[in-house]
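What follows is chain A paired twice: with chain B in the first complex and chain C in the second.
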Partner chain A sequence: MIQSLLLSTLMFGALFSVLSISLNLQYARGGMINFGTVAYFAAGAYAYAIFTQEPPSGLDQYAFGFDLPWWAGFLAAGVAATLFALITGWPTLRLRGEYLALTTFAFAEVLHSFLLNERRIGNGSVGLANVERPDLSFFGLDEQIGYAVAACVLMLVTAWLFNRLLASPYGRLVDATRDDETAAEAVGKDTTRTRLQVFVISAIPIGFAGALYAMITTLVSPALFTAEITFFVWIALVLGGERTILGAIIGTMALVFFQELVRMIPFESVRSAQIAASVEEVLTGVLFIIVLRWQPWEKMKRRKGA
Partner chain B sequence: MTLFLQFLLTGIVTGCFLVLATIGFSFTRRVEGFLNIAHAELLGVSAFTTWGLNKLAGWHILPSAAVGIIVTAFLGLAIGRIVYDPIRRFGPAVLLITSVGVSYAIGGVIDAVIGTGIRTLDIPLATSYRFWGLRITDYQLLVVALAIVASGSLALFLNKTKTGLAIRAISVNPELAASRGIDVQKTSRATWLISSGLAGLAGVMLSVIATLSTDIAFHQILQILAVAILAGLGSLYAVILSGLIVGIAMDVSVFWIPAGYRPLIAFAVVILVLLVRPQGLAGSKSS
Partner chain C sequence: MSDAILKVEGVIKNFGGFRAVGGPDGLTFNVPRGGFLGLIGPNGAGKSTTFNLVSGVLKPSEGRVVLEDKDLSDCKASDIAGLGLARTFQTPRAFPSLTVLENVMVGVSHTNEGPFSAMLGNWRQSDGELREKAQAALAKVGLHGHEDDEVGNLSGGELRMLEVARQLVREPKVFLLDEPTAGVDPTLQQKLASLLADLHAAGTTLIVVEHNLAFLLNLADRVVVLQNGALLAEGAPDEIRRNPDVVAAYLGADHEA
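For the complex of A and B:
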C-alpha cells in the first residue's frame, strides 16, 4: 500500500518534474510565461505513439503507424517537441508577458482541438491504445520500478544538463536577456535568438517526458492532455519556490504525493469520490494562493542569506 | 444561402454573449491591471446560484437571477479584497498565476456542491420567431438586448459619472489619481462589484440559453481569453467588435468545416491577429 503510493509518487513526480524544471528554465531564467506546456508534452506523447504504432487496420482511423522500435519513437518525441516549439516560438516570442502567456495557451488549445477532431492523427477522441513499451524484463526489474527509474533518470539528466547550461557563460546571456534586453543588445547579443533557443531547448525534455508518459499509461488520447497539466506544472513550480531546479522538483513531488494520497482513500460511493476530488482541487487552489501571498521560500532564502 | 445567413445570425447572438462575458474581464484588466482567469468561474457561480434558487427553491426566474448576480458581485468583491489586494505589489504575472489558484478553488467548490450532470432552468420553452426564413428565439433576442444595454450603460457610467471617471483615472495612473484626492480603495471596490456583477449577468444568460454542467466555466474562459486578446487587453469598445468577430467566425465556420473545430477557429483568429498586430485590435504600442 505505502510502497505503491511512494512508487507512483516517485514515477509521476519525476516525470512531471521534467516539465517543471523546463518551465523553470523558461520562466525563472528566461522570463517567458508559457501557458501551453501541455502542448509540447502532448506532441511528444503522440509522436512516440504514432512512430511505434502498427499501421492502421480495421476500425482504426489514424493514417500513420510506422511500427518502429521504442527508441526511434522516443527520439521522434524529442524532434516533435522541438519542431512544435520552433513553430510556436518563432512567431510568438516577440510578444511579452501576458500576451505570450495567452498566445501559448491558444496554441495549446489549437493542438488539443486538432487531436480531438482530426481522426487521421490519432483516432480523434478515442486516442491510441496499447502503445508499445520497451521490454524491461531484460534488467530483471518490475515494470513499475523500471519506469520509476526511467523517469528519475530523465529528470536527473535534464536537471544536470540545465544546471550546466545555466552555470556556463550562456546562462549569463540568458539572465542578461531576461533582465535588460536593451543592455544585452547593446553589447552585441542577439536577444531574439537567445529567447527562441531557450524556448526550444526547454521544450525538448518535455517531449521526452511525453514519450515516457505514453509508455507508462500505454494510451494517448486528447482527454489526457488538457490545460490542467499546464496549470498543474505551474502550481508545482510556484509551490517549490520559483527560482531553483531543486525547488521545482520538490514542489512537483509534493503536489503529486498529495494527489496520489487522495487517490488512495477508498470511497463507498461515486459521489463521495467526486467530493474528495473537488476538495483536493480546492485545497490545491488555496495552497497555491497562500504560497504566492506569503512567499515563505523567498523569506527563508533571505533569512539564510542574512 | 438561408443556411449561411442563419449561421451568421446565430454568430451574432454568440458574439453578443461573448461581449457580455468578456466585458467584465476586460474591465478588470484595464483597472486592476491583470488577467483574472477566475472571472469565468464567477459565471459558473452566478449560473448555479440562479439554478439553485429557481429549480431547487422554486423561485421565479427574475428574483433568482437578481440574487445570483448580487451574490456573484459581492463574491468577486470579497475575492478581490482578500486575495488580490495584498499581492498587488508582486506584479501582474503573480496576480495572473494566483487567479489560476482562485479558479481552482471556486471550480472545486462548485464541483463539490453541484456534482456532475446536465441541468436546466425551470423557465418556459423558448419561442421561435421567423422572418425571411431565419429563426431566432426570444431568449437569444434577450442576450442581444442585454449585451447592448450592458455595454452602453458601462460606457455611460465610465464617461459621465464621478465614480466612473475616478475608475478611469486610476486605470491610467494610480499614483497621480491618489494624489489628486481620489479614494483608491472605494474605487477599487466599485470596480470589483461592477466586473463581477457583469460576470453574474453573463452567467445568468448562460443558464438561460444553454444547459448547465460544472465544466462550463472552463469552456467559457477559453473564449473569453480569445475575445480579450483579440480586442487588445484593456480596451472596452474593441471588446464589442472582437466579441462579434469571434462569435461570427466560430458559428459561420460551421458552414464549411465540422462543428468540433469551433474553439479552434476562435484561437486561429486570435493567433492570426496577434501575428499582424501584436497589440490587439485596439491596443496601443506601449502596453
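For the complex of A and C:
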C-alpha cells in the first residue's frame, strides 16, 4: 500500500517535475507565460505512439504507424515538441504577459480539438491503445520500478542540463532579456532569438516526458491531455516557490503525493469517489490560494537572507 | 576628418500627427570618424528621439541613418549595437536580477555564449578574462568595490555609471551618451570628463547629449543644436556659444559666453 503510494508518487512526481522544471526555465527565468504546456506533452506522447505503433489495419482509423523501436519514438517525441514550440513560439513571442498566456492556451486548445476531430492522427476521441513500450524485464526490474527510475533519470538529466544552462553566460543573457529587453538589445543581444531559444529548449524535455507518459499509461487519447495538466504544473511551480529547479521539483512531488494519497482512499461507491475527486480539486485550489496569498517561500527566503 | 562614420540623412520621426524629429525637411548631419559631437537643445527638442533613431530603438518615418556606409534602415537595435554602436539611455537601464558585475559582463560578447555551449560548459575558459574586463570597466567609472552589489541598491548616479561601464566594456566605435552627468556628483563628473577625453584621444567617436554645457562644450569639438526636432545650428563650441539664434532659443541672454 504505502509502497505503491511512494512508487507512483516518485514515478509521476518525477515525470511532471520535468514539466515544472521546463516551466521554471520558461517562466521564472525567461519571463514567458505559457498556458499551453500540455500541448508539448501531448505532441511528445502522440509522436511516440505513432512512431512505434504498427501500421493501421482493421478498424483502425489512424493513418500512420511506423513500427519503429522505442528509442526512435522517443527521439520523435523530442522533435515533435521542438517543432510545435517553433510553430507556436515564432508568431507569439512578440506578445507579452497575459497576451502570450492566452495565445499559448489557444494553441493548446487547437491541438486538443485537432486530435479529437482528426481521426487520422490518433483515432480521435478513442485514442491509441496498447502503445508499445520497451521491455524492462531485460534489466530484471519490476515494470513500475523501471518506469519510476526512467522518470527520475529524465528529471535529473533535465534539471542538470538546465542548471548548467542558467549558471552560464547564457543564463545571464536569459535574465537580462527578461529584465530589460531594450537594454539587452543595446548591448547587441538579439532578444527575439533568445526568447525563442528558451521557449523551444524548454519544450523539448516536455516532449520526452510525453513519450514516457505514453509508455507508462500505454494509452494516448485527447482526454488525457487537457488544460488540467497545464494548470497542474503551474500550481506545482507556484507551490514550489517558483524560482529554483529544486523548488519546482519539491512542489511537483508534494502535489503529486497529495493527489495520489487521495486516490488511494478506498471508496464504497462511485458516488463517493466522485465526491472525493472534487474535494481533491477544491483542496488543491485552496492550497494554491494560500500559497499565493501568504507567500511562505518568499518569507522563508527573506528570513534566510536577513 | 572628412570621412563621416555616421550620417543622419533627412530623418523624420512622427508620433501620430506630431513631428518629434525632422522639422520641415528632415534632420541631416554627419559625424566625422573620431569626432566628439555635442547634441544640445531645449527640453523636447528631439535629442533623445534622435538617439533612439540612430540606435534602432525607433525606426525613422522617413530618411535613413548610415553607419560606416551601411544603411541601418533594416537593422534591428541589436544588429546596430553589434556593428559597434553603443548608447546610454536618459533614464538609466539595468538588469535588476543581476549583480553589478554581471550587469557589465552581459555587455561583453562571449564567443561561447549559445545555449549548447552553456550546457557543454565550454564557456568557462573565457569567463575569467571577461570578468577582468568587466572589473576594469567598473573601475573606470568609479564603481570598483560595488561588483557584488545588487543593482537595486545603487544610487541614481551610480546606476548611470553602471550603464556607461556596460557599454564601455564593448569597446564601441561610436558611443552615444544621453545626459551622462545628470544626477552625477562633481567628482564623478570630472572622472567621466577624463574618461570621455581618453576615449576621444583613443579614436572613439562620441556623441553626447547634455544640458550641462560647462561640461560638454569643453570636451566637444563640434556641436549640433536642435530645436523642435530641426537643426537650429551647427558648428564649433565657440561659434555656438555666440550664435544669436542659439542664445535666444536655448542658452538665454545672460548665459556666460
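Observations on the structure shown:
The rule is simple: the second predicted complex is superposed on the first by the 306 of 306 C-alpha atoms of A that agree within 3 Å, B and C clash if a C-alpha of one lies under 4 Å from a C-alpha of the other, contacts with A are read in each partner's own complex, and residues count from 1 in each chain.
What we mean here is this: contacts are C-beta pairs under 8 Å (C-beta built on N, C-alpha and C of every residue); 3 or more make two chains touch, one makes a residue touch a chain.
Predicted model only: the values in this text are computed from it and were never measured.
Taken together through their common chain A, the two structures put chain B and chain C side by side without a clash. More residues of chain A are in touch with B than with the other of chain B and chain C. Angle at chain A between chain B and chain C, computed from CA centres in the superposed arrangement: 80 degrees, to the nearest 10. Judged by the touch definition given at the top, the superposed model places A:E280 against chain B, while chain C stays out of reach. Of the two partner chains placed by superposition, only chain B is touched by A:W234; chain C is not.
Residue contacts after overlaying the shared chain place A:A176 against chain C, while chain B stays out of touching range. In the superposition on chain A, A:P55 makes contact with neither chain B nor chain C. By the touch criterion stated above, A:P69 is placed in contact with neither chain B nor chain C.
Between chain B and chain C, the smallest C-alpha to C-alpha distance in the superposed model amounts to 12 Å. Comparing the two interfaces of chain A, the one with chain B and the one with chain C have no residue in common.
Across the complex, chain B is touched by residues 33, 91-92, 94-95, 97-99, 101-103, 105-107, 109-110, 113-114, 116-117, 227, 231, 234-235, 238, 271, 274-275, 277-289, 292-293 of chain A. Chain A makes touch with chain C in their complex at residues 161, 164-165, 168-173, 175-176, 178-180, 182-192, 197-198, 201. Interface of chain B with chain A (complex): residues 34-35, 83, 86-87, 90, 92-94, 96-98, 100-109, 111-112, 115-116, 218, 222, 225-226, 228-229, 233, 258, 260-261, 263-264, 267-268, 270-271, 274-275, 278. Taken in their complex, chain C has these residues touching chain A: 55-57, 76-79, 81-82, 86-87, 89, 93-98, 102, 105-107, 109-110, 112-115, 117-119, 121, 123, 127, 130, 163, 166-167, 170.
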